[in-house]
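Next up is a structure, given as structure tokens.
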Amino acid sequence: MNLETSLCGIKLANPVILASGILGVSRSLLSEVIRNGAGAVTIKSISLEAREGHKNPTVIAFDAGLMNAVGYSNPGTAGAKKEFTGLKGLGAPVFASIIGQDASEFEKVAEALGGLEFSAIEIPLSCPHTPGFGTLAGQDTPEKTHEIVRAVIKKTKLPVFVKLSPITRNIGDVARAAEKAGASAITAVNTMGPGMIINIDAKKPVLGFRMGGVSGPALKPVAIRCVYDIYESVKIPIIGIGGIMTGRDAIEMMMAGAKAIGVGSAVHYRGMDVFKKICSEMSEWMYENGYESFDGIIGAAHG
Amino acid sequence: MDNYKKTELPEMVKITKIVYENPYVRTFFIGRKIDAQPGQFVMVWLPDLDEKPFSLSYAGNKTAITVEEKGKFTSALFKMKAGDKIGIRGPYGNGFTLKADACVVAGGCGVAPLANLIERLKNPLIIQGARSRDRIIFKGRFKGASITTDDGTAGTKGFVTDVLEAQLAKNKFSIVYTCGPEAMMKRVFEICERHGIECEASLERFMKCGFGVCGQCEADGLRVCKDGPVFPSAHLRKIKDFGSFARLKSGEKVAISDYAKWRCQ
Amino acid sequence: MNLETSLCGIKLANPVILASGILGVSRSLLSEVIRNGAGAVTIKSISLEAREGHKNPTVIAFDAGLMNAVGYSNPGTAGAKKEFTGLKGLGAPVFASIIGQDASEFEKVAEALGGLEFSAIEIPLSCPHTPGFGTLAGQDTPEKTHEIVRAVIKKTKLPVFVKLSPITRNIGDVARAAEKAGASAITAVNTMGPGMIINIDAKKPVLGFRMGGVSGPALKPVAIRCVYDIYESVKIPIIGIGGIMTGRDAIEMMMAGAKAIGVGSAVHYRGMDVFKKICSEMSEWMYENGYESFDGIIGAAHG
Amino acid sequence: MDNYKKTELPEMVKITKIVYENPYVRTFFIGRKIDAQPGQFVMVWLPDLDEKPFSLSYAGNKTAITVEEKGKFTSALFKMKAGDKIGIRGPYGNGFTLKADACVVAGGCGVAPLANLIERLKNPLIIQGARSRDRIIFKGRFKGASITTDDGTAGTKGFVTDVLEAQLAKNKFSIVYTCGPEAMMKRVFEICERHGIECEASLERFMKCGFGVCGQCEADGLRVCKDGPVFPSAHLRKIKDFGSFARLKSGEKVAISDYAKWRCQ
């Protein structure tokens, strides 16, 4: 089965993309992920200055998914410029992910990473557990979304993906605001919640930041619904993320309206070769059901 | 189908016994049996403070970690008494392979995971180094160790690598296991390469998740928490960072000496 | 272990309460649930007129929890008056749950059920999948919450519990609005999302209403965090609901700040005697950890 | 510990064969083996339309449901052809107990779950009733059934309950299994009570979840989907609703005749 697809003019060998914040700290790890079958990879989000993030524990796994409050640790634009060189040599497109506390910070980061060989820039306006960023900074309103997208677009010629939060009400409106402002695609969704897990023997929340974003199986139905809503609201392509574990999950996300899908937590449950596994499971299902491309699949659950 | 229910949450376990190994190092036995391969580690959580990785220095029925007091976290651990509880998750990572005709080269606190290994090996040659006499750990836990100290206050004065060279000149080993300061391990590895001997080294990087998703601990595309912490020669050859670079908490890659400085602040 | 507690002056043999919408359609089924160990029970929500609710499938179970879009099927106040007679004879307090499309409907329902022997009235402002009600009708804003609580309080002398949604941002503010308006307790939380599950072989969302509220294990960390936030915002007691399966979960919810806990989805996973099971597991943990009451437990994870 | 992963989601399965039992009833064989006790049911989903419970009339290697065309849902089902797919979840509920010396009393489409039972019993006495000759289902599937029709077009003219009374006067049975219109089952149960014979009846109520959480199907505190659909005499005695009341989709409790009217609209 040929799983080739394209996203905003970017060619992908398959639609399974590494989500931001999982493994994406180094060029070599991105290369490993590509070797394990990802059609494209996203780096861990980069801010203007280096950030240490929250204290440990920062990532835990509970019954129904993962929870994290990494807190956007990253080496800043300076570190990123050293790390992410020669990306064209990796064999698959690499997407930048950039964050800022306001539109002007977003601008600066976009500009700083301009010289690198990224294929697109993703802007998450949706982290639920880092003060100053994402939903805690109100970046998920239609107004702020519009403002930030405009600012980034001024500074880059690359396609801009806007990453939304599942906790945003009327997510379709925000997607529309992003589209109007010139975004090339919507990435949906970031982690949910935030949630909290308390260790009752210690009488303390486990995460260093006390609360964190929920991903994995717990998030999947909410992510599917978000993508379904967004698909009814915009014409630009959607990268569907949230709890995708299997080829069937990926097809489900596409039927909700996603053109490509992102995978994060599944790396924990199924190993780094989950990308290959998902692709072969997709192929198998498509073969068995007589599909030769994603044409009859994307958005099929609508109407 | 793969298991979708791998929870990774700390469980509070009692410290059952504390052994004072030397003025700087203590072994904390815990009231939970952890069946682990020598070389595997656990994440230790001190609520409200932080969570850090520690190798198991004893596993199975009596399970323990052996800790050197270095900073805020280990100081807090050193204030704890038997009966107090710490959070544990794991074991994580891979272990050493178990081979005959082995040589074990331990530097400082690096003897912790190796001690657990030594007890499962048949008559390994043990080379254990420390800065000085009062820093030797597990005195008497295994017989016949060649001790070196930097200052000569115990055993041979000098470095473990000197003893290793001397041993390799006269004896044959199928493998050399090593853990200790990374600069030391790098030298051990280079010696092994020169002699065409397989080497397994246990690396240390700053860790967050401990189970292979965040990428924080990566070294040239390998995750120290998941693909390691024990790496065979084939990997050590590929890891250009080995002995040279490591990442700060922010993910910034710096010279290993700067990493050490940051860790010591 | 004595698990007795009290909630707004109502005595409970234990703090484990049947959540609304699970099993609570008849007096006899409530009686069964009490026989199975519940400290109190809540009826399925009642509207002014009878409602058939959404078409089937209305309740499904996925990897990480349940999803439902029952759509508030209920026999209306007339049916409820026939069904819920002689409640004092059941041996445990019974809480009404009432819904309306606006404050005046809430008033009427509260009034209509006045003659029955309920011990409290719960008002869910938080259903995520029924047009005209809950979050789809914007009943979860501080303003609407205040208005509806005021209206209900005028018509009843019973304690009024306000049930909040985990998808409400700044849930603490809404809890404060409810408290200010005179609510006696906060129930937190209702289902999350909404979410959607698509059957890829049918290419269709499974639920009759396409989307539905997520409960069970997937919801737990989000519910814990909501209760934690509410506990920092109000002084009135909290009934913590969401993914409680075991005694340990119940203790965790109490440490987040709940005085009592609600159980719904766990009936699926552990059977109708889950109430007894949770109580005995709580007792066991409390005994092993030297607790004789909930005093050192409620809110223990704070500070 | 209990299993927290009981998913309850429809799976699309192919209709492999359709058997025309009579002008009003068809049996749909499906391409999935369901190992079920006689008496258990599945929820059948027709995407975009609705989902309803149907007893398994065959189980195991050849699994089937037998359906009478009554309303919107069953009409849609009757439009389907072999090769089409329907959603199936289950099996749900309990089954009949399997006892020797049994009598089986079936009314109309109620023979569906009983047919599956009969094939597992040793020489049961079978009393099968239908309105008329052209409404008899599973003709020839089991030998020696005493047939009754309301209009006398086949077998004895009259009701199954008449035959049951006559049989009980001369024979001994350890149990009577019954399924059919609830008024009929109620009469069968009363006859059994009079003769001191154990009875198991398969009840039908409007269902939503099918797995015991919503409460929609309750009858005097028992969930027909989970505690039933098959109830023994001990339960039938307690269920005051039996033969008298049932709940509409809204949960409103009405006389069983009004329920039937609502179901027929």
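Per-chain numbering from 1; labels A, B, C and D assigned in written order.
As a working rule, a contact is a pair of C-beta atoms (placed from the backbone, for glycine too) under 8 Å apart; a residue touches a chain by one contact, two chains touch by 3 or more.
From a predicted model like this one, the values you see are computed outputs, not experimental measurements.
Asker: In contact with chain A and with chain B at once: which chains are those? Just list them.
Answerer: In this structure, no chain contacts chain B and also chain A.
Asker: With one step meaning two chains touch, work out the least steps from chain A to chain C.
Answerer: The fewest touching-chain steps linking chain A to chain C number 1.
Asker: Centroid from C-alpha atoms only, then distance chain B to chain D, rounded to Å. What do you get?
Answerer: Distance between chain centres: 66 Å.
Asker: Would you mind pulling out the distance in Å between where the CA atoms of chain A average out and where those of chain D do?
Answerer: Result: the chain centres lie 50 Å from each other.
Asker: Rounded to a whole Å, what is the gap between the Cα centroids of chain C and chain D?
Answerer: Centres of chain C and chain D (C-alpha means) sit 35 Å apart.
Asker: Pull out every residue in chain B that's touching 2 or more other chains.
Answerer: 4-5
Asker: Any chance you could list the residues of chain A touching two or more other chains?
Answerer: 62-63, 197, 201, 203-204, 217
Asker: For chain C, which residues are in contact with chain A within the complex?
Answerer: Touching chain A from chain C are residues 62-65, 67, 135, 167, 169, 192-198, 200-201, 203-205, 210-211, 214, 216-222, 224-225, 228, 243, 248, 251-252, 255-256, 285, 289, 300-301.
Asker: Which stretch or stretches of chain A touch chain B in the complex?
Answerer: 21-26, 28-29, 31-32, 44, 50-53, 55-63, 66, 68, 70, 73-76, 79, 82-83, 197, 199, 201-204, 206, 208, 217, 245, 264-265, 267-272
Asker: Quick one: which bits of chain D touch chain C in the complex? Just the residue numbers, please.
Answerer: My answer: residues 2-12, 43, 45, 47-52, 85, 87, 208-209, 211-216, 218, 220-223, 247-253.
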